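A, B, C and D label the chains in the order they appear, each numbered from 1.
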Amino acid sequence: MCKFRDHCGIFGISGCPDAAVKTYMGLYALQHRGQESAGIVVSDGENLNEKKGLGLVSQVFGSPDQLVELEGDAAIGHVRYSTTGSTTFANCQPFMINYKRGQIAGSHNGNLINAAGLRSEMESEGSIFRTTTDTEVILHLLAKSPKHTTPESVADALSKVEGAFSILFLTPEYLIAARGPRGVRPLVMTEVDGRVAFASETCAFDLLDLPRGRSLEPGEVVIVDRKGSIESFFPFPKVKSAACIFEFIYFSRPDSRIFDTNVDKIRRRMGHRLAIEQPADADIVISVPDSSNTAALGFSRESGIPFELGLIRNHYIGRTFIQPRQAIRDFGSRIKYNPVRGVLYNKRVVVVDDSIVRGTTSKALNSIIRQAGAKEIHLRVASPPIKHPCYYGIDTPTYDQLVASYSSVEETARYIGADSLGYLSLEGMLAIDELPKIGFCDACFSGNYPIPRVDEASKEKMNSC
Amino acid sequence: MCKFRDHCGIFGISGCPDAAVKTYMGLYALQHRGQESAGIVVSDGENLNEKKGLGLVSQVFGSPDQLVELEGDAAIGHVRYSTTGSTTFANCQPFMINYKRGQIAGSHNGNLINAAGLRSEMESEGSIFRTTTDTEVILHLLAKSPKHTTPESVADALSKVEGAFSILFLTPEYLIAARGPRGVRPLVMTEVDGRVAFASETCAFDLLDLPRGRSLEPGEVVIVDRKGSIESFFPFPKVKSAACIFEFIYFSRPDSRIFDTNVDKIRRRMGHRLAIEQPADADIVISVPDSSNTAALGFSRESGIPFELGLIRNHYIGRTFIQPRQAIRDFGSRIKYNPVRGVLYNKRVVVVDDSIVRGTTSKALNSIIRQAGAKEIHLRVASPPIKHPCYYGIDTPTYDQLVASYSSVEETARYIGADSLGYLSLEGMLAIDELPKIGFCDACFSGNYPIPRVDEASKEKMNSC
Amino acid sequence: MCKFRDHCGIFGISGCPDAAVKTYMGLYALQHRGQESAGIVVSDGENLNEKKGLGLVSQVFGSPDQLVELEGDAAIGHVRYSTTGSTTFANCQPFMINYKRGQIAGSHNGNLINAAGLRSEMESEGSIFRTTTDTEVILHLLAKSPKHTTPESVADALSKVEGAFSILFLTPEYLIAARGPRGVRPLVMTEVDGRVAFASETCAFDLLDLPRGRSLEPGEVVIVDRKGSIESFFPFPKVKSAACIFEFIYFSRPDSRIFDTNVDKIRRRMGHRLAIEQPADADIVISVPDSSNTAALGFSRESGIPFELGLIRNHYIGRTFIQPRQAIRDFGSRIKYNPVRGVLYNKRVVVVDDSIVRGTTSKALNSIIRQAGAKEIHLRVASPPIKHPCYYGIDTPTYDQLVASYSSVEETARYIGADSLGYLSLEGMLAIDELPKIGFCDACFSGNYPIPRVDEASKEKMNSC
Amino acid sequence: MCKFRDHCGIFGISGCPDAAVKTYMGLYALQHRGQESAGIVVSDGENLNEKKGLGLVSQVFGSPDQLVELEGDAAIGHVRYSTTGSTTFANCQPFMINYKRGQIAGSHNGNLINAAGLRSEMESEGSIFRTTTDTEVILHLLAKSPKHTTPESVADALSKVEGAFSILFLTPEYLIAARGPRGVRPLVMTEVDGRVAFASETCAFDLLDLPRGRSLEPGEVVIVDRKGSIESFFPFPKVKSAACIFEFIYFSRPDSRIFDTNVDKIRRRMGHRLAIEQPADADIVISVPDSSNTAALGFSRESGIPFELGLIRNHYIGRTFIQPRQAIRDFGSRIKYNPVRGVLYNKRVVVVDDSIVRGTTSKALNSIIRQAGAKEIHLRVASPPIKHPCYYGIDTPTYDQLVASYSSVEETARYIGADSLGYLSLEGMLAIDELPKIGFCDACFSGNYPIPRVDEASKEKMNSC
């Protein structure tokens, strides 16, 4: 793993005759949030139908015109990363079940820290589980709720979970969206001409030519019925907001707007501050494409050191090599990035990266850059050192694999082969004016986990999303 | 549907290093019992792993040597027919879950007549269902059982269901087989050198060079642990046996031994009695291959009318045409059977068929036979007229589609284009000496349902197997 | 290899709006003649289009309704066996090319004994070859012909080849059929309402509800143009006919009519004569299904020993196990045939087989039959001992693998584990009254090769079909 | 078509135990040159073996470890674009044949302008053609050559063709590379430790950690035998060099070195000159990613207008949507590019593109950019107006589809919705100091075709590569 990986992207739409096609396009725009499985559940007002599988959206569904069997005017969808070993068909989402009120399906992005505990408890009371997903735990809670309506049951079920979640539910009657009270994961909503759509990021709305709408508030639950009437309520006790700052650093697409703020603007500011905090005496600034482009531009503008294209990324990777994992390792980062020798030769180079997890990719990249003739390499990281694992839906390694948790900056620089290494400071990052005035979770940097870790085992036993 | 269709074949084995390969071969031998999905769950003593999918055994698993990922020394498997519309991946078996005692998987053949009722009840108490299978209902019961061991829980769960079932369970620790107290569906067991195997029919043992063993008794539950110790017990109240006579008529392979009786012998006797009860003045006897071959030989021997091969069956059908259902209908029975003109031309022909369901296939066949020059067609059916649907695991049409339920024999003969039509009588069939001395279910002929129909709706809502 | 294997089946039709669908069905009926590749070329009057691939007809083309892209009113098709190692996509037929008169495609069944020589000669003159098929050699000859029309060029090209061939050509303008002057391989033709069709066997016409038509004469070439006008001519010098007797013994379906004679009638007579020539004192007669059924019935009728179903064939084999060759060998004939113990137990059994090639299958079958309790096994073979390889389009092993070429009948009986073994005599077979009065090739039995072997090497270097 | 499309990338290597894996990686690096088919032919010193198919390298071959069947120490490979309608399996390369000296395979990049003429001539002499590729024409010439060795025959054959070609041949004995005397298409060569490799661009060598080597000279033929001895010769009459300038503008990867010159340097200079020739009063410069990034950076540097990331490209497109062409059209450029609103809003924007073909993509992009809030759009194109089609291996539309051939710059600006439009001048482009001192073909801009068009029809009838 060279980057933190978000687990999932979710999308839902109602009031739209070709809801499955729209959801396909929405998932396609969110593909960067999860490339290992994809699924759609559609409602025609009477029944739900599902299609899901392992692979990219286009691999699971073919082209949009092959979605004919998924007729209906409301749908939810899901794309998913998964930790090694748990990429099973059973865990693909949305997860669809029958319960006392009929059919319901759920698409979840996040991680419940009390999921394993809830699950053991329910198992001891006689429940059975088909998957290792949080979504199934939530659907169990929902089915067990004594409340008398679907919306109330949803609220009741969600009030029992603790952690990070943005979740969509679909029943023949309702499309329901909920963002956890901590607001860790993003969830946006838009509405036009009787259509209502929800997505992890606004880039999904852009592709569908929908307005960008707004972020759901932390703790907000929105219910849309088949007539298009929308109801919003806040069933959970108010808690401190803890939006995931990593969405700005790496997960979200720069063209998206999340937490009611444009991603690219924040990413740009991180580059600016990085240049101020960690200047370098160099000839050129290059980025590790594409995720660091915006921050690198920001660094270049602030420092006055010219921005250059020093690495070319082969975009055929990432999908073509998903299966043959061994092959990719043999060729290392080489197959993903090729240096532009004419740019790098005999230059003192600032390399801007968005984050460092294990340090192994940085080490490989630095070696490639140096082989191409760079005289000096000054690695600048547009986020603070990652010292702590995440428990809220991000796939992170353990402490002993996080290079910043066991090495000083100098040691890390030596390990990865950089002449100098500088991180953006946590204070500096949080002081960026343009950041929305909400509380952020910075636990991976600070160790200050906003949510008490009720259930130590959840991370190991369950698959977050 | 031209025949009644059994829903499933099941196989299980323990104490065998390549349990998955053995299960593959066992399912392959049972492929005639279900061609729409196949699945295997294997135990390595610590964990269960599953692989299943839509299609034939060979399509789902490839060749036996592709089963390497399914390592373990105990396994259960399943092949399945399904009613149109419910051929979904979710319903493929074995069905594997987690519950309070860990993992368990189930493979089921039969139909529970109180499944829908149990399910509604459990739903109203907050349970969720992923499939529409009986197996999931049973696993819910098992998980909810207050008993303290797996074997006790199994017995407890099964004591709550009513209907026809032969079922295998696999946990990391146990292989468990149970045949319902009515003994409707067959289940055989064999044991040699520490290996214990179970199967719907003995033909699966033959292929594996295992002894033919014995039939489980109605109501018998057999538990095999990892050390190979076998325990048999009878946890259910004794009720009248109601073995499905149709297993002898059509479902089982003639080379199998079920209900401790060779199938081909019974099928032969049916042909004999048919010749006595319904003689015909004719030149030749032909069968509708392959299922009627044995009965036709019996008819020929008794009547003295020579047996001939008048229809050639294209064995590429049935798999190749599973999907393009429309195409097959356009070509009708023509694509499945070709007449041998030299045999049929200018002949008075006795056609022996094992059973008639809707009459449409008979009508098409008779037309083919007549086109080939047959002078007279005397259709003889080696079982009584089917007048009632089955509720115990067989896919049957409703009353208005069973030709014998709304037409007299004469009307039917006219409809299907036969010069004469004769069925084996119910009394005659049951009087066959070689039939084992157990009670049989003949409800599809007589309407005498041995199990009170607790739950009228089960057939519609649930998928039997 | 347990049987001789014919290499190919061919089908063609013109004057028919959905020619590709008709050809699909025709190939489907001929699937027994070749299961390793399938192809169709269609003409819309202006262009040819092709689709071909490895596998069964249904695997290559899906269902008939997926043939939409193959629009046109004339088509030819091909199914093919191939010797191990040469199952390549390049060798799939029909083979379609461009030459001076535009596009042409060819589908061939047979083997040219001077193909390798012609090919070397053409190569030395600068020709290039994409495949190792006879068809490509013939198309080269055709393209090089100085004649001025397609029909004349076809005749000119074919006059240069020596061996066995039945071949179809398709151009945008013509459908052309040719049967070699020896008449080794069958080719039938039918015509109705402006449609003209050709096929290896009449079973293809039956499926399409076309009349059975007639056999092309040896040396006959038939040209059909787009207006439906048919011209027949005999461009080759008259030579002695040498129809392949093995078509009656094994290759053709019993419901087919080839060489203007019903196959099942000849096969039946072979059983009769076998019973007379090689009587046995036994309780029952069984066949090795399905290919020996007719001969076994004939044996039973003549001998008075009752015919029984002693072996059940698993029809899922043959396709499912084409790839995993090793797996099938491990399970041997066991996976293909299962004995019916109730029939065989304690019986003296006559087993009728159509032919013996290597003897290994017979050995395995006898072991299975004996394990099932047979007291005595008397193997009766409805054709003479195969002592010589075929050079005219049949896949045969070399002398040292033909059991009858190096063992006496007694030795063979011992080797295969039969209590007695008897073959039909060559004289007896040829004396069957019902055989058409044409010359037959019996070289595999007698060593009398009707065609001088111009080119010893052809068999090794080229792939017959 | 929104861009000119090169037809092919070629790669070859010898003296390397896992030649097929190396070729896989080389093709992977050249994937941008052709995404519709891929193929590899390998030599083990005695035989050639091939694998090819439609799709990406990773789709055709799976992962590198699935190449086991392609054993050998020399190999050539090919990736290909093709014009609509001719994406057939038959046309996939390398094309492998047998001829008098055994097996030979060819991989070709370019277009022969006398191919159709040569082909008709050979057809009239009796040759047959399986494909519509130039490669087959060349192999015919080679087979017909009276020369006595493979190298001489290659030279003889190539001396008969006219046009643009870079081609690799593989025989069991030799790996042969030839670059046409005009030097239109690039071809580079490297050598280290007995391995010799050839590729369209050096990025293939980079991925394999091979030195970047050198460009073959125009007219150079290099023969490598199995012992690794290399012979270079110049068999063709010397003509004026006509290297394709579009390789610098768009086709080659910026990290490649072709014509012994770094691509990114030239592309950068084009941006510089564009800024000088066509200045704009604007707030930001954005590129159309990724192909215009380098030129846009150059424009920004020269003009002093800051470079920004205004468009995000979805890299999942291009492969996932290859088949469902209709779907992609419905969503237009929207699915490929998403605007970054925060960057574009209320700005005067210079959009730098590398070239304009039909203008339809520019029109769509401008609309997207304007919708995102841009105040003014000044489109600057880093190459001259394309007014003439290409006949040397590039897929170009006809005159009536080239917007610059029928519209003035002002008309074009209006059509595509730009406030101003400026192209780099032809003189300006050719005056770039860093361009290698070789002759270039600029026919698509100037209409000065360096090779007389012998054969008007070639482009229509044949498929270049």
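One rule holds in what follows: a contact is a pair of C-beta atoms (placed from the backbone, for glycine too) under 8 Å apart; a residue touches a chain by one contact, two chains touch by 3 or more.
None of these values were measured; they are calculated from a predicted model.
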{"item": "Steps needed, at minimum, to go from chain B to chain C via contacts", "value": "1"}
{"item": "Distance between the centres, which are taken as Cα means, of chain D and chain B, whole angstrom", "value": "61"}
{"item": "Chain centre separation in whole Å, for chain D relative to chain A (CA means)", "value": "37"}
{"item": "Whole-Å separation of chain centres (CA-atom averages), chain A against chain B", "value": "48"}
{"item": "Sites on chain A at which at least two other chains make contact", "value": "none"}
{"item": "Those chain pairs that satisfy the touch definition", "value": "A-B, A-D, B-C, C-D"}
{"item": "Touch list for chain D against partner chain C, complex", "value": "89-90, 96-100, 120, 123-124, 126-130, 132, 139-140, 143-145"}
{"item": "Touching residues on chain A, where the partner in the complex is chain D", "value": "25, 28-29, 31, 56-59, 62-66, 203, 206-207, 209, 212, 253-255, 257, 262, 264-265, 293-294, 297, 301, 306-309, 312, 314-316, 319-321, 323-324, 326-327, 331, 334-335, 338-343"}
